[in-house]
Amino acid sequence: MKVITKELSYRTKGNTDIIELSADLERLLSKQEIESGLVTVFVVGSTAGITTIEYESGLVEDFQKMFERLIPQNTRYAHNDRWHDGNGYAHVRASLLGSSCLIPLVDHKLCLGTWQQVILVDFDNRPRERKIIVQIMGEE
Amino acid sequence: MKVITKELSYRTKGNTDIIELSADLERLLSKQEIESGLVTVFVVGSTAGITTIEYESGLVEDFQKMFERLIPQNTRYAHNDRWHDGNGYAHVRASLLGSSCLIPLVDHKLCLGTWQQVILVDFDNRPRERKIIVQIMGEE
Amino acid sequence: MKVITKELSYRTKGNTDIIELSADLERLLSKQEIESGLVTVFVVGSTAGITTIEYESGLVEDFQKMFERLIPQNTRYAHNDRWHDGNGYAHVRASLLGSSCLIPLVDHKLCLGTWQQVILVDFDNRPRERKIIVQIMGEE
(Lines give C-alpha, C1' and ligand atoms only; values in the text may rest on other atoms or scores of the structure.)
Protein backbone atom coordinates (compact mmCIF):
# COMPACT_ATOMS: atom_id res chain seq x y z
CA MET A 1 0.00 0.00 0.00
CA LYS A 2 1.24 3.48 -0.76
CA VAL A 3 0.18 7.10 -1.22
CA ILE A 4 1.13 9.23 -4.20
CA THR A 5 0.28 12.95 -4.19
CA LYS A 6 0.43 14.99 -7.38
CA GLU A 7 -0.63 18.49 -8.40
CA LEU A 8 -2.33 19.74 -11.51
CA SER A 9 -2.84 23.41 -12.27
CA TYR A 10 -5.31 25.19 -14.52
CA ARG A 11 -5.96 28.73 -15.65
CA THR A 12 -9.69 29.35 -15.55
CA LYS A 13 -11.89 32.17 -16.83
CA GLY A 14 -13.89 32.27 -13.56
CA ASN A 15 -17.65 32.97 -13.75
CA THR A 16 -18.63 29.32 -13.28
CA ASP A 17 -16.09 28.20 -15.86
CA ILE A 18 -16.12 24.40 -16.17
CA ILE A 19 -12.95 22.46 -17.01
CA GLU A 20 -12.82 18.75 -17.79
CA LEU A 21 -10.17 16.91 -15.75
CA SER A 22 -10.63 13.23 -16.62
CA ALA A 23 -8.23 13.15 -19.57
CA ASP A 24 -5.42 14.68 -17.47
CA LEU A 25 -6.26 12.35 -14.58
CA GLU A 26 -6.07 9.27 -16.82
CA ARG A 27 -2.72 10.45 -18.18
CA LEU A 28 -1.37 11.06 -14.67
CA LEU A 29 -2.63 7.70 -13.38
CA SER A 30 -1.22 5.71 -16.29
CA LYS A 31 2.29 6.68 -15.14
CA GLN A 32 1.83 5.55 -11.51
CA GLU A 33 2.47 2.17 -9.99
CA ILE A 34 -0.75 1.91 -7.99
CA GLU A 35 -3.10 -0.65 -9.51
CA SER A 36 -6.15 -0.53 -7.24
CA GLY A 37 -7.29 1.99 -4.69
CA LEU A 38 -8.88 5.36 -4.30
CA VAL A 39 -8.29 8.59 -6.22
CA THR A 40 -9.12 11.87 -4.49
CA VAL A 41 -9.41 15.03 -6.57
CA PHE A 42 -9.39 18.15 -4.36
CA VAL A 43 -9.43 21.82 -5.31
CA VAL A 44 -7.56 24.24 -3.06
CA GLY A 45 -9.55 27.44 -2.44
CA SER A 46 -13.03 28.46 -1.36
CA THR A 47 -14.65 29.64 -4.61
CA ALA A 48 -14.35 26.49 -6.73
CA GLY A 49 -15.72 22.96 -6.59
CA ILE A 50 -15.29 19.49 -8.05
CA THR A 51 -17.94 17.05 -9.28
CA THR A 52 -18.74 14.58 -12.05
CA ILE A 53 -20.94 15.29 -15.07
CA GLU A 54 -21.52 14.13 -18.62
CA TYR A 55 -19.21 16.71 -20.14
CA GLU A 56 -21.02 18.08 -23.20
CA SER A 57 -21.77 21.73 -24.00
CA GLY A 58 -25.53 21.45 -23.32
CA LEU A 59 -25.06 20.19 -19.76
CA VAL A 60 -22.24 22.63 -19.08
CA GLU A 61 -24.74 25.41 -19.83
CA ASP A 62 -27.56 23.72 -17.85
CA PHE A 63 -25.35 23.24 -14.80
CA GLN A 64 -24.18 26.90 -14.90
CA LYS A 65 -27.79 28.12 -15.27
CA MET A 66 -28.97 26.02 -12.34
CA PHE A 67 -26.44 27.76 -10.07
CA GLU A 68 -27.42 31.20 -11.38
CA ARG A 69 -31.09 30.41 -10.69
CA LEU A 70 -30.57 28.97 -7.19
CA ILE A 71 -27.68 31.15 -5.96
CA PRO A 72 -27.72 34.28 -8.15
CA GLN A 73 -24.64 36.45 -8.59
CA ASN A 74 -26.45 39.77 -8.24
CA THR A 75 -28.37 39.58 -5.02
CA ARG A 76 -27.32 40.83 -1.59
CA TYR A 77 -24.58 38.89 0.24
CA ALA A 78 -23.24 39.88 3.67
CA HIS A 79 -19.81 38.81 2.39
CA ASN A 80 -19.97 41.48 -0.34
CA ASP A 81 -21.20 44.16 2.10
CA ARG A 82 -18.16 43.47 4.24
CA TRP A 83 -15.35 42.71 1.79
CA HIS A 84 -16.55 44.44 -1.43
CA ASP A 85 -15.09 41.77 -3.69
CA GLY A 86 -18.45 40.82 -5.22
CA ASN A 87 -17.88 37.06 -5.04
CA GLY A 88 -20.22 36.11 -2.17
CA TYR A 89 -22.27 34.01 -4.61
CA ALA A 90 -19.12 32.11 -5.63
CA HIS A 91 -18.32 31.12 -2.03
CA VAL A 92 -21.88 29.96 -1.33
CA ARG A 93 -22.03 27.88 -4.54
CA ALA A 94 -18.64 26.29 -3.82
CA SER A 95 -19.57 25.33 -0.26
CA LEU A 96 -22.78 23.69 -1.48
CA LEU A 97 -21.07 21.76 -4.31
CA GLY A 98 -18.04 20.61 -2.31
CA SER A 99 -14.31 20.77 -2.90
CA SER A 100 -13.54 17.15 -3.68
CA CYS A 101 -14.52 14.10 -5.63
CA LEU A 102 -13.54 10.48 -5.09
CA ILE A 103 -13.18 7.81 -7.73
CA PRO A 104 -12.30 4.16 -7.14
CA LEU A 105 -9.33 2.92 -9.20
CA VAL A 106 -9.38 -0.70 -10.40
CA ASP A 107 -6.69 -2.25 -12.65
CA HIS A 108 -5.13 1.18 -13.31
CA LYS A 109 -8.51 2.55 -14.54
CA LEU A 110 -10.88 5.06 -12.95
CA CYS A 111 -14.32 3.47 -12.42
CA LEU A 112 -16.14 6.21 -14.32
CA GLY A 113 -19.08 5.58 -16.63
CA THR A 114 -18.67 6.25 -20.36
CA TRP A 115 -20.56 9.54 -19.99
CA GLN A 116 -19.18 10.50 -16.58
CA GLN A 117 -16.29 12.95 -16.40
CA VAL A 118 -14.62 14.78 -13.50
CA ILE A 119 -14.89 18.57 -13.69
CA LEU A 120 -13.50 21.63 -11.94
CA VAL A 121 -16.08 24.41 -11.56
CA ASP A 122 -14.57 27.84 -10.91
CA PHE A 123 -17.29 30.10 -9.52
CA ASP A 124 -15.08 33.13 -8.81
CA ASN A 125 -15.84 36.42 -10.58
CA ARG A 126 -12.44 36.66 -12.28
CA PRO A 127 -9.88 34.40 -13.99
CA ARG A 128 -7.90 32.30 -11.51
CA GLU A 129 -4.96 29.93 -11.44
CA ARG A 130 -6.25 26.79 -9.68
CA LYS A 131 -4.28 24.08 -7.91
CA ILE A 132 -5.79 20.58 -7.92
CA ILE A 133 -4.42 17.93 -5.57
CA VAL A 134 -4.68 14.39 -6.93
CA GLN A 135 -4.04 11.75 -4.32
CA ILE A 136 -3.81 8.08 -5.20
CA MET A 137 -3.86 5.60 -2.36
CA GLY A 138 -3.74 1.87 -2.87
CA GLU A 139 -1.92 -1.28 -3.82
CA GLU A 140 0.84 -1.78 -6.39
CA MET B 1 -3.31 -2.41 4.94
CA LYS B 2 -5.27 -3.60 1.96
CA VAL B 3 -7.91 -2.63 -0.59
CA ILE B 4 -10.98 -4.69 -1.39
CA THR B 5 -13.22 -3.66 -4.30
CA LYS B 6 -16.70 -5.14 -4.68
CA GLU B 7 -19.70 -4.43 -6.89
CA LEU B 8 -23.38 -4.29 -6.08
CA SER B 9 -26.06 -3.92 -8.71
CA TYR B 10 -29.62 -2.68 -8.50
CA ARG B 11 -32.57 -2.36 -10.81
CA THR B 12 -34.21 1.02 -10.28
CA LYS B 13 -37.46 2.58 -11.46
CA GLY B 14 -35.71 5.86 -12.36
CA ASN B 15 -37.60 9.14 -11.74
CA THR B 16 -35.68 9.96 -8.55
CA ASP B 17 -36.16 6.43 -7.24
CA ILE B 18 -34.43 6.03 -3.86
CA ILE B 19 -32.89 2.71 -2.80
CA GLU B 20 -31.50 1.97 0.65
CA LEU B 21 -28.00 0.45 0.51
CA SER B 22 -26.91 0.18 4.17
CA ALA B 23 -28.27 -3.32 4.80
CA ASP B 24 -26.44 -4.71 1.73
CA LEU B 25 -23.29 -2.79 2.71
CA GLU B 26 -23.32 -4.23 6.24
CA ARG B 27 -23.79 -7.73 4.82
CA LEU B 28 -20.91 -7.24 2.37
CA LEU B 29 -18.61 -5.77 5.04
CA SER B 30 -19.28 -8.51 7.57
CA LYS B 31 -17.63 -11.01 5.19
CA GLN B 32 -14.42 -9.00 4.70
CA GLU B 33 -11.23 -9.10 6.73
CA ILE B 34 -10.74 -5.34 7.06
CA GLU B 35 -11.43 -4.15 10.58
CA SER B 36 -10.85 -0.40 10.41
CA GLY B 37 -10.63 1.95 7.50
CA LEU B 38 -12.67 3.79 4.94
CA VAL B 39 -15.63 2.61 2.87
CA THR B 40 -16.31 4.40 -0.42
CA VAL B 41 -19.67 3.91 -2.11
CA PHE B 42 -19.60 5.15 -5.72
CA VAL B 43 -22.27 5.01 -8.42
CA VAL B 44 -21.13 4.59 -12.02
CA GLY B 45 -23.05 6.86 -14.40
CA SER B 46 -24.01 10.51 -14.68
CA THR B 47 -27.72 10.51 -13.79
CA ALA B 48 -27.60 9.02 -10.28
CA GLY B 49 -26.15 10.05 -6.93
CA ILE B 50 -25.29 8.73 -3.47
CA THR B 51 -25.92 10.33 -0.08
CA THR B 52 -27.05 9.56 3.47
CA ILE B 53 -30.57 10.13 4.84
CA GLU B 54 -32.90 8.90 7.55
CA TYR B 55 -34.57 6.34 5.31
CA GLU B 56 -38.30 6.63 6.02
CA SER B 57 -41.12 7.18 3.51
CA GLY B 58 -41.80 10.78 4.59
CA LEU B 59 -38.25 11.94 3.96
CA VAL B 60 -37.97 9.95 0.75
CA GLU B 61 -40.91 12.00 -0.54
CA ASP B 62 -39.53 15.28 0.88
CA PHE B 63 -36.12 14.72 -0.71
CA GLN B 64 -37.68 13.92 -4.11
CA LYS B 65 -39.93 17.01 -3.92
CA MET B 66 -37.01 19.26 -3.04
CA PHE B 67 -35.25 18.22 -6.27
CA GLU B 68 -38.41 18.73 -8.33
CA ARG B 69 -38.79 22.23 -6.85
CA LEU B 70 -35.16 23.29 -7.32
CA ILE B 71 -34.30 21.48 -10.57
CA PRO B 72 -37.64 20.71 -12.26
CA GLN B 73 -37.99 17.96 -14.83
CA ASN B 74 -40.12 19.95 -17.25
CA THR B 75 -38.25 23.13 -17.93
CA ARG B 76 -35.88 23.89 -20.80
CA TYR B 77 -32.47 22.19 -20.78
CA ALA B 78 -29.85 22.70 -23.50
CA HIS B 79 -29.02 18.99 -23.07
CA ASN B 80 -32.58 18.05 -24.11
CA ASP B 81 -32.55 20.47 -27.07
CA ARG B 82 -29.43 18.75 -28.33
CA TRP B 83 -29.91 15.07 -27.48
CA HIS B 84 -33.72 14.77 -27.18
CA ASP B 85 -33.53 12.21 -24.37
CA GLY B 86 -35.42 14.40 -21.87
CA ASN B 87 -33.12 13.70 -18.94
CA GLY B 88 -31.27 17.03 -18.67
CA TYR B 89 -32.80 17.54 -15.20
CA ALA B 90 -31.42 14.16 -14.09
CA HIS B 91 -27.86 15.05 -15.05
CA VAL B 92 -27.99 18.43 -13.32
CA ARG B 93 -29.43 16.92 -10.12
CA ALA B 94 -26.82 14.14 -10.09
CA SER B 95 -23.90 16.56 -10.55
CA LEU B 96 -25.15 18.69 -7.67
CA LEU B 97 -25.69 15.74 -5.31
CA GLY B 98 -22.45 13.91 -6.10
CA SER B 99 -21.63 10.36 -7.11
CA SER B 100 -20.07 9.05 -3.93
CA CYS B 101 -20.32 8.79 -0.19
CA LEU B 102 -17.65 7.91 2.35
CA ILE B 103 -18.16 6.17 5.65
CA PRO B 104 -15.47 5.40 8.22
CA LEU B 105 -15.33 1.74 9.29
CA VAL B 106 -14.38 0.96 12.90
CA ASP B 107 -14.31 -2.58 14.39
CA HIS B 108 -16.06 -4.01 11.29
CA LYS B 109 -18.95 -1.52 11.69
CA LEU B 110 -19.91 1.49 9.56
CA CYS B 111 -19.92 4.66 11.73
CA LEU B 112 -23.48 5.58 10.78
CA GLY B 113 -25.99 7.04 13.21
CA THR B 114 -29.07 5.01 14.14
CA TRP B 115 -31.21 7.06 11.73
CA GLN B 116 -28.57 7.52 9.03
CA GLN B 117 -28.66 5.24 6.00
CA VAL B 118 -26.79 5.26 2.69
CA ILE B 119 -29.00 5.68 -0.38
CA LEU B 120 -28.76 5.50 -4.14
CA VAL B 121 -30.85 8.16 -5.89
CA ASP B 122 -31.62 7.37 -9.53
CA PHE B 123 -32.71 10.58 -11.25
CA ASP B 124 -32.94 9.19 -14.78
CA ASN B 125 -36.30 9.28 -16.60
CA ARG B 126 -36.51 5.52 -17.06
CA PRO B 127 -35.70 2.29 -15.18
CA ARG B 128 -31.99 1.55 -15.06
CA GLU B 129 -29.61 -1.18 -13.97
CA ARG B 130 -27.09 0.53 -11.67
CA LYS B 131 -23.58 -0.57 -10.75
CA ILE B 132 -22.31 0.49 -7.33
CA ILE B 133 -18.62 0.19 -6.51
CA VAL B 134 -17.90 -0.48 -2.83
CA GLN B 135 -14.27 -0.02 -1.92
CA ILE B 136 -12.94 -0.89 1.51
CA MET B 137 -9.47 0.30 2.39
CA GLY B 138 -7.87 -0.32 5.74
CA GLU B 139 -6.27 -2.60 8.29
CA GLU B 140 -6.99 -6.25 9.03
CA MET C 1 0.56 2.63 5.86
CA LYS C 2 -1.82 2.88 8.75
CA VAL C 3 -5.26 4.10 9.82
CA ILE C 4 -5.92 6.28 12.85
CA THR C 5 -9.50 6.98 13.91
CA LYS C 6 -10.31 9.77 16.37
CA GLU C 7 -13.47 11.42 17.63
CA LEU C 8 -14.25 15.06 18.26
CA SER C 9 -17.44 16.24 19.91
CA TYR C 10 -19.23 19.56 19.81
CA ARG C 11 -22.24 21.12 21.45
CA THR C 12 -24.19 23.05 18.83
CA LYS C 13 -27.11 25.48 19.00
CA GLY C 14 -28.90 23.75 16.10
CA ASN C 15 -30.81 25.94 13.60
CA THR C 16 -28.09 25.78 10.94
CA ASP C 17 -25.41 26.56 13.50
CA ILE C 18 -21.96 26.57 11.85
CA ILE C 19 -18.85 25.48 13.74
CA GLU C 20 -15.31 25.81 12.45
CA LEU C 21 -13.33 22.55 12.74
CA SER C 22 -9.98 23.27 11.05
CA ALA C 23 -8.15 24.51 14.15
CA ASP C 24 -9.12 21.37 16.12
CA LEU C 25 -8.23 19.19 13.12
CA GLU C 26 -4.77 20.75 12.81
CA ARG C 27 -4.19 20.24 16.54
CA LEU C 28 -5.29 16.60 16.33
CA LEU C 29 -3.18 15.92 13.24
CA SER C 30 -0.03 17.49 14.66
CA LYS C 31 0.04 14.75 17.32
CA GLN C 32 -0.21 11.84 14.87
CA GLU C 33 2.55 9.98 13.11
CA ILE C 34 1.00 9.96 9.64
CA GLU C 35 2.84 12.29 7.30
CA SER C 36 0.96 11.97 4.01
CA GLY C 37 -2.44 10.59 3.21
CA LEU C 38 -6.11 11.33 3.38
CA VAL C 39 -8.16 12.88 6.17
CA THR C 40 -11.87 12.10 6.30
CA VAL C 41 -14.16 14.23 8.46
CA PHE C 42 -17.55 12.57 8.96
CA VAL C 43 -20.52 13.67 11.07
CA VAL C 44 -22.66 10.95 12.65
CA GLY C 45 -26.39 11.71 12.33
CA SER C 46 -28.88 12.68 9.65
CA THR C 47 -29.53 16.38 10.37
CA ALA C 48 -26.01 17.79 10.06
CA GLY C 49 -23.43 18.13 7.31
CA ILE C 50 -19.77 18.90 6.65
CA THR C 51 -18.23 21.15 4.00
CA THR C 52 -15.48 23.74 3.44
CA ILE C 53 -16.01 27.52 3.40
CA GLU C 54 -14.14 30.76 3.98
CA TYR C 55 -15.12 30.99 7.61
CA GLU C 56 -16.08 34.65 8.18
CA SER C 57 -19.32 35.99 9.65
CA GLY C 58 -20.65 37.37 6.35
CA LEU C 59 -20.43 34.02 4.57
CA VAL C 60 -21.76 32.13 7.57
CA GLU C 61 -24.90 34.28 7.27
CA ASP C 62 -25.04 33.96 3.46
CA PHE C 63 -24.72 30.17 3.61
CA GLN C 64 -27.48 29.91 6.24
CA LYS C 65 -29.76 32.20 4.21
CA MET C 66 -29.22 30.19 1.04
CA PHE C 67 -30.52 27.07 2.80
CA GLU C 68 -33.52 28.93 4.20
CA ARG C 69 -34.35 30.23 0.72
CA LEU C 70 -33.95 26.87 -1.07
CA ILE C 71 -35.19 24.47 1.63
CA PRO C 72 -37.31 26.58 4.03
CA GLN C 73 -37.96 25.48 7.58
CA ASN C 74 -41.65 26.36 7.59
CA THR C 75 -43.15 24.62 4.63
CA ARG C 76 -44.88 21.27 4.51
CA TYR C 77 -42.75 18.13 4.92
CA ALA C 78 -44.17 14.60 4.92
CA HIS C 79 -41.59 13.80 7.63
CA ASN C 80 -43.18 16.39 9.94
CA ASP C 81 -46.71 15.16 9.18
CA ARG C 82 -45.63 11.71 10.25
CA TRP C 83 -43.21 12.25 13.14
CA HIS C 84 -44.21 15.72 14.41
CA ASP C 85 -40.63 16.69 15.28
CA GLY C 86 -40.56 19.68 12.93
CA ASN C 87 -37.10 18.97 11.53
CA GLY C 88 -37.99 17.70 8.05
CA TYR C 89 -36.15 20.70 6.54
CA ALA C 90 -33.02 19.75 8.53
CA HIS C 91 -32.94 16.22 7.11
CA VAL C 92 -33.42 17.40 3.53
CA ARG C 93 -30.69 20.04 3.84
CA ALA C 94 -28.27 17.56 5.41
CA SER C 95 -28.81 14.95 2.68
CA LEU C 96 -28.17 17.55 -0.02
CA LEU C 97 -25.01 18.92 1.62
CA GLY C 98 -23.47 15.55 2.56
CA SER C 99 -22.09 14.10 5.76
CA SER C 100 -18.39 14.10 5.02
CA CYS C 101 -15.47 16.06 3.69
CA LEU C 102 -12.08 14.82 2.52
CA ILE C 103 -8.80 16.69 2.70
CA PRO C 104 -5.44 15.44 1.43
CA LEU C 105 -2.64 15.56 4.02
CA VAL C 106 0.88 16.33 2.82
CA ASP C 107 3.92 16.72 5.15
CA HIS C 108 1.65 16.72 8.22
CA LYS C 109 -0.42 19.62 6.82
CA LEU C 110 -3.97 19.69 5.47
CA CYS C 111 -3.97 20.94 1.85
CA LEU C 112 -6.48 23.71 2.54
CA GLY C 113 -6.29 27.18 1.00
CA THR C 114 -5.63 30.17 3.26
CA TRP C 115 -9.34 31.08 3.21
CA GLN C 116 -10.69 27.54 3.19
CA GLN C 117 -11.86 26.03 6.47
CA VAL C 118 -13.74 22.83 7.35
CA ILE C 119 -17.13 23.39 8.99
CA LEU C 120 -19.84 21.41 10.72
CA VAL C 121 -23.35 22.63 9.86
CA ASP C 122 -26.02 21.55 12.35
CA PHE C 123 -29.41 21.95 10.69
CA ASP C 124 -31.49 20.43 13.49
CA ASN C 125 -34.16 22.56 15.22
CA ARG C 126 -32.62 22.25 18.69
CA PRO C 127 -29.18 22.18 20.35
CA ARG C 128 -27.35 18.89 19.82
CA GLU C 129 -24.22 17.12 20.95
CA ARG C 130 -22.43 16.06 17.73
CA LYS C 131 -19.87 13.33 17.21
CA ILE C 132 -17.33 13.88 14.43
CA ILE C 133 -15.20 10.98 13.21
CA VAL C 134 -11.76 12.01 11.97
CA GLN C 135 -9.98 9.27 10.10
CA ILE C 136 -6.40 9.64 8.95
CA MET C 137 -5.08 7.07 6.51
CA GLY C 138 -1.59 7.18 5.10
CA GLU C 139 2.15 6.79 5.42
CA GLU C 140 4.36 7.52 8.41
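When the chains are written out, they are named A, B and C in that same order, and each has its own residue count from 1.
Just so it is clear, a contact is a pair of C-beta atoms (placed from the backbone, for glycine too) under 8 Å apart; a residue touches a chain by one contact, two chains touch by 3 or more.
Not measured: the values here are computed from a predicted model.
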Tell me whether chain B and chain C, two copies of the same sequence, contact each other through the same residue numbers or different ones, using over half shared as the line for same.
different
Superposition of chain A upon chain B: rotation angle, C-alpha, nearest 5 degrees
120
How many angstrom lie between the CA centroids of chain B and chain C, rounded to a whole number?
19
Hey, what residues on chain A touch two or more of the other chains?
1, 38, 70, 96, 98, 102, 137
Name, in rising order, each residue of chain B that touches chain A in their complex.
1-3, 5, 38, 40, 42, 44-46, 70-71, 77-83, 88, 91-92, 94-96, 98-100, 102, 133, 135, 137
Sort out for me which residues of chain A touch chain B in the complex.
1, 36-38, 51-54, 56-59, 61-63, 66, 70, 96-98, 101-104, 106, 111-113, 115-116, 137-139
